[in-house]
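The same chain A turns up in both complexes below, where it pairs with chain B and then with chain C.
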Partner chain A sequence: MLQRVLHISYLIWDYLYSNLLTLWTVASHTFSKADTVEYPDQMPYLAPRFRGRIVLTRDPSGEERCVACNLCASACPTDCIALQKTEDETGRWSAEYFRINFSRCVFCGLCEEACPTYAIQLTQDFELAEYQRQNLVYEKHHLLIDGPGKHPDYSFYELSGKAVSGRAKGAGKLEAPPVDVKSLLP
Partner chain B sequence: MNADTQALVTIKVDNQDYKVKAGSNLLEACLGLAKDLPYFCWHPAMGSVGSCRQCAVQVFADQDDTRGRMVMACMTPVSEGLIVSLEHQQAKQFRQQCIEVTMANHPHDCPVCEEGGECHLQDMTLQSGHSLRRYKGAKKTYNNQNLGPCVGHEMNRCISCYRCVRFYQDYAGGDDLVTLGSRENVYFGRHEDGCLDSYFSGNLVEVCPTGVFYDKPFSDSYNRKWDLQSAPSICGHCSVGCNMSVGSRQGKVKRVTNRYHGQVNGYFLCDRGRYGYSYSNSDQRLQQCQVTPANSAMVTTDYAATVDYVGQIFTELGAQNVLALGSPNASLEDNFALRSLVGKDNFYGAVSSNQSLAQSRVTQHLQRKDIYTPSLKQIEQADGIIILGEDLLNSAPRMALSVRQASGNLGREQAAEVGIASWQDESVRIHAQNRRSPIICVTCGGSELADISALSLQLTPAQITSFALALASHLAGQTASHGLSAEVMQQVQQAAELLAGVKQPLVISGTSTNQPALIDAAAELSLSLGTATHSRAWLSYSLSASNSMGLSLLQDEAQHLGQLQARISSSQEPLALMVLQTDWHAFLDPAEIASVQPKLQHLIVLDQLPNNTSRAADVVIPCASIHESEGTLVNHEGRAQRYFAAYEPANLQPAWRSMAYLARWLTAQQPDVCTYGQQALAQCQQFDDISQLVGQLGPVFSRWQEVAPTADFRIAGMKIPRQSHRYSGRTSIYAHINVSERKQPVDQDSALAYTMEGSPVNPAAALIPQVWSPGWNSNEAINKFQAEIDGPLKGGDPGIRLLGDGDWQLLPLTNPPAPDKEALLGVSQSRLFDNEPLSAMASALRQRCPPAMAGMHPDTASQWGLQPGDQVSVGLGDSQWQLAVTLDGAIPPQIILLPAQWHAPIHTSRLPAVVTVKPCPQEAT
Partner chain C sequence: MHTALIQLINVVAILLFVVFGAALLTWVERRLLGIWQDRYGPNRVGPLGSLQIVADMIKLLMKQDWVPPFADRLVFIVAPAIAMFVVVAAFAVIPMAPGIGVIDLNIGLLFFLAMTSLGVYAVMFGAYASDNKYALLGGLRAAAQMVSYEVFMGLSLMGVVMLAGSFNLRELVLAQADGWFIVPQFVGFMIFFVAGIAESHRTPFDLPEAEHELTAGFHTEYSGMKFAMFFLGEYVSVLMTAAMITVLFLGGWLGPAWLPPLFWFLLKTTLLVLSMILIRGALPRPRYDQLMAFGWKVMLPLALINLLATGALKLM
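Showing the complex of A and B:
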């Protein structure tokens, strides 16, 4: 009998204690500092290497950096990048179209890692929501920005050895003047 | 060179014993053992020169030797008991240092290089372990040259392996790509900018281990190799039937590369095969069915309505009044479907009467027991060749390349006598000097093989036939002049002397002169040569189109164009004609067209591109091209080879399928009058169904099922993917049209899939879409697919030879009438880039066509008072053709050489014939 009374008393105590503790905890939060922020009035802190919306950048002279080498597309684990190479009359390669389907993109950043010209870069913009999924398909004119992004000084064609728009053979960085085939001098 | 092929020796590679072929070099042996050993300058078809120092290995004197010595594997013959290490630290370090030096001046331009992703240099750099650049100095640069519309040039990328000039000069006989400069400043290019002359220049793209030479039309809308949806295909531009791999993306053919076949094309294609594809991308392609009912305007419609309309024509006129014209350019299945639809008696071939007769003679000779038709690989083993009436470089260029290799056999044989192996390329050449196996060219016009010919003659077509017969009699110990002059008889004597010591002679002839008698004379000569040299009689014919042989197997030799015209003209009842992939009107004079028009109530054209015939037709049914459908082509040696679709066209059906629809309509609407052929065709839903029907055609087709694996072929339950495992853009390539991905098309007709899913490992030899192996991204990966290096593919080379045995008789000579004073014998001169209707559309090739000129002997020209460059009007029947004259003393005085352009006013199929020649009045300047 005594055992039974003790057991019931324990259950009542346990029930009361748990509820009172919960009430206390909730009440105490009324006076603590909030963890959430008032987005969008207040923007969250994003780390410098945050991976958000993808852009295509330009080199210091304002030309498109993307040379349509297709490495981003092949690195992409969701196959959401498609592009086609074209070439201007000076021999400079660029993308005829460059399409990213952001409804498939997982923002892994492998495209940025693969890019040999620093053209494709992930930015801190994450506000990509759309009501229509079709609007998540970005074309080249949506992606192309006016600046160089994270690598302000890099210009691929300075180092490629190829002659393009105004830069003759041998005029790039670390390039010797073109070999004179007719010379016999040592 | 083949005496020792069967002998095996045992070598020890990295402590493991292997049996390898005696007489080969160590590099070849190691690659054959599926080992990875880097190389640049060695090429399986071109041998070794040991210049790149990349294949260094360590060789040990015996088991106790631990230091060993370093040798270049490509320059070391394998020998019994050879102990070698690929993994030895010293050899590995040497290879790594070598490539570091090679890479010191290599530009940093892989992202903008067309070779990137399928670059032998990238592969070898990774393989040898060089990963960090230590050289910080300035890199060498070179100015580039414009090498024409087909091949681009970026000299910065050169690693001086000399493969390009070795291929271009030594292998293909070109002389305008040379090594310029000296020491470390060597330059590979032309003396000045200009189009590369060689018809094999496109191979430089594949031969170059890096991106110095790139495919220009491909570069215009470039994709990486891994982004191409590829399929194994067969070239449809001449009768050789080279195997090629067609790469496509987004429903366009992007490029064509060589697909290795051990017996046919080996590693190389001609430029017509490589660049002739662009008709398939043309915006002029017929995309929709067009029906023009009587007295009303043309309407575009769908297949169902068109089949309905054509079915009504069959009902209205009676099936016996529907004729059909099959094409030597269309696949055997397409021609067979057409024949099934209209019946054998109503089925005609789009070939002239002489052509048809010549072709059927070829088919008969190839079936004989006493004559053997060598493959191209075997042609390379002949050591004495006589070419009769064919300008081989223009009519079957890849065969001409094999003939060129055969001309080196004497040199290789003499080198072997002093102990130089045949793969010691440079040593063999130095030892041979200018000694070559005898090649004799007897043609109507100048021969492009003159530089390797011991004897080069220009005669009229009839004289060539007589020459062959005279030579045959001479070899048999008789003297018969066959109407030849004493001067020519002397040359017959000379030819007999040249061929006297030959071990394996070969006679090459063909149908381009339209001389049935020449076909027989060539066979006669090959038999006499065989008897005289105690060898098997070897005979090879070059034919006019990719499936000439296939068509001739389906068509009665009397059912040709002339017969069709006669049948239409003499018909009492209105007729309908179905034309398959042929510009029928191109074969007819305007007057002839006018004469057949009233009898033809309906003209039904099944074609890919619009032409004069399709414009005159009341029903036009578009067809899928060779790059968009499956089919089988039978090449000049009777080898049936299957091609596969690279991509599925949006709205197009292969021709056989349209005809199967029609057969189904007929069996449903009028079951009691349907023929057996129509009923059988009506059952065909998939490609294998029609292929099975072909297999029942007769003994020649008994092995038809072995041509290629059927659609139910699987590897571990999986199909073979057309796309690489790295194919990109799947979820975005069509996202601009609809963000929801479309379903991948399902291929019911073959064992290949339009996806990247499936088994890319060890596909059947006939089903290799493109070659790739881990670490081997370039076409050099082919060594992983070969059963032995430079030998057959694993599982045997694809395709089967159809022709067996038969009887034959010698035809009497048919001499064309002797020309009178106002006339000359017009003879067609083959042209590589514009005498085949489809490749003539390719813009890259159009730019390379030489101007159309009529060739004459100077004496003949002076009779008409003509100077070089003067305009003449050449007439045949009602057709007139005005063109400029060029003079050449080698052309026989009785003939005028007319360029065989596909759309010329005088069609090649009408030649040789007597043509009228009138000088045109000079324009006042």
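Showing the complex of A and C:
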């Protein structure tokens, strides 16, 4: 009998203590700082590799980097990139139109990884909200920016070994002149 | 004529105080819960977000006044009215300060108990009329909870009545001039506090609504102002419970004379309301059978022992 009474009193104390401890723990949070980031007033911290709105960059000379190779479009898991290749009189390739449907884009960054010319890049801008869905379809003139983006010194045509008008094969920055296979000299 | 006018002002002022206080409480509660969960809560509308209630009210008033086609129309509409009516009626007997109070009944305490017991009809009618299985389970739990806590709620107050020798709430307050009843009736205070939380259907005793299990419990089918009536009724009930504990155990308006009696009453009530919000923010909800077992096996014996001890001490 006594044991039973003791046991029950212990249980009552135990429950009471655990509940009071809970109350105290919650009450002590009165003086702790809120974790909330009040977004429109205060910008949240964005990681350096944050993947936001997609842009098309230009090389240091101000030309479009995109060579319309379609690798981004084929890498895209949601098929939100559509483009068409065109070629100017100098033999340089570029996109006739370049269209990204941001209502389908999942910002995975696979297009950026696939791009051989660093043309397509993801930026830190995530404020893409629109009232009309159609406005989320960005055309080439929406996507193109004036600068080189994340790779300021990179120029594809300087390094690729491809001849375009004004520069022969091997005239690029890091290139040696092409080997003349018919000369037989070492 | 003059006294009638004063009484009319009294009635209107207290009604407005109760309704606006309850509305403001929705904002206070959300802010406090926010603070205790390391966030801000509603802080956009007006200074510190205090006009949030206006925004909520506009939103609720603009909503369609919808009665589901499968509901029992009359009962469905009457239920929220009962929820609001009984708590406001119960508030009428609470003496706030000398000369401030709607009505001075000589059985004020019994009237209070009767009105709060009627409150369960609102929940059960609303649940029954909704013809919804979540609502039905909520109503079922409300009924089970009511039979568990209503018994020891009444019994826990009888110790106070025994000490003061009156059911009149003003005389109960005046009887505490020498010492508040919380000291001799501490067990009664604890039991009534628990019962009061259960009475206002708040976490940890919010089994009738239990968002996580029952969508919204008995008011699943309610929307717009009818939902707001249930909601406001619940908050008035919180105010009422806090005011009742103040009157019965914490000496009502009694306090040092350098501040008006009404201030002391409001201060004590506010502190109790804050502690009820803290309890809501901290404690989890027990299972339905645990609540019943707790009511019948712990609280009822405690209330009876308390009553017995008080009676024995009174006789000696």
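One rule holds for everything that comes next: the second predicted complex is superposed on the first by the 143 of 186 C-alpha atoms of A that agree within 3 Å, B and C clash if a C-alpha of one lies under 4 Å from a C-alpha of the other, contacts with A are read in each partner's own complex, and residues count from 1 in each chain.
By our rule, a residue touches a chain if its C-beta (ideal position, glycine included) is under 8 Å from a C-beta of that chain, and two chains touch if they have at least 3 such contacts.
Everything numeric in this text was worked out from a predicted model, so none of it was measured.
Of the two partner chains, chain B is the only one that A:G170 touches; chain C does not reach it. Using the contact criterion defined above for the overlaid structures, shared-chain residue A:I100 touches chain B, although it does not reach chain C.
In the superposed model, A:S9 makes contact with neither chain B nor chain C.
Contact with neither chain B nor chain C is seen for A:T90 once the two complexes are overlaid on the shared chain. When the two structures are aligned on the shared chain, A:Q124 is found in touch with neither chain B nor chain C. Shared-chain residue A:L71: touches chain B; no touch with chain C. Among chain B and chain C, the chain that touches a larger number of residues in chain A is B. Chain A contributes residues 67-71, 73-74, 76, 78-87, 93, 96, 99-101, 103-104, 116-117, 133-134, 136-137, 139, 156, 159-163, 169-170, 174-184, 186 to its touches with chain B in the complex. Within the complex formed with chain C, the residues of chain A that make contact are 12, 19, 22-23, 25-27, 29-30, 32-36, 38.
Of all the residues in chain C, the ones that touch chain A in their complex are 34-40, 278-279, 281-283, 298. By the touch criterion stated above, chain B contacts chain A in their complex at residues 107-112, 116-117, 136-144, 154, 156, 180-183, 185, 187, 219-224, 226-227, 726-733, 735-736, 738-740.
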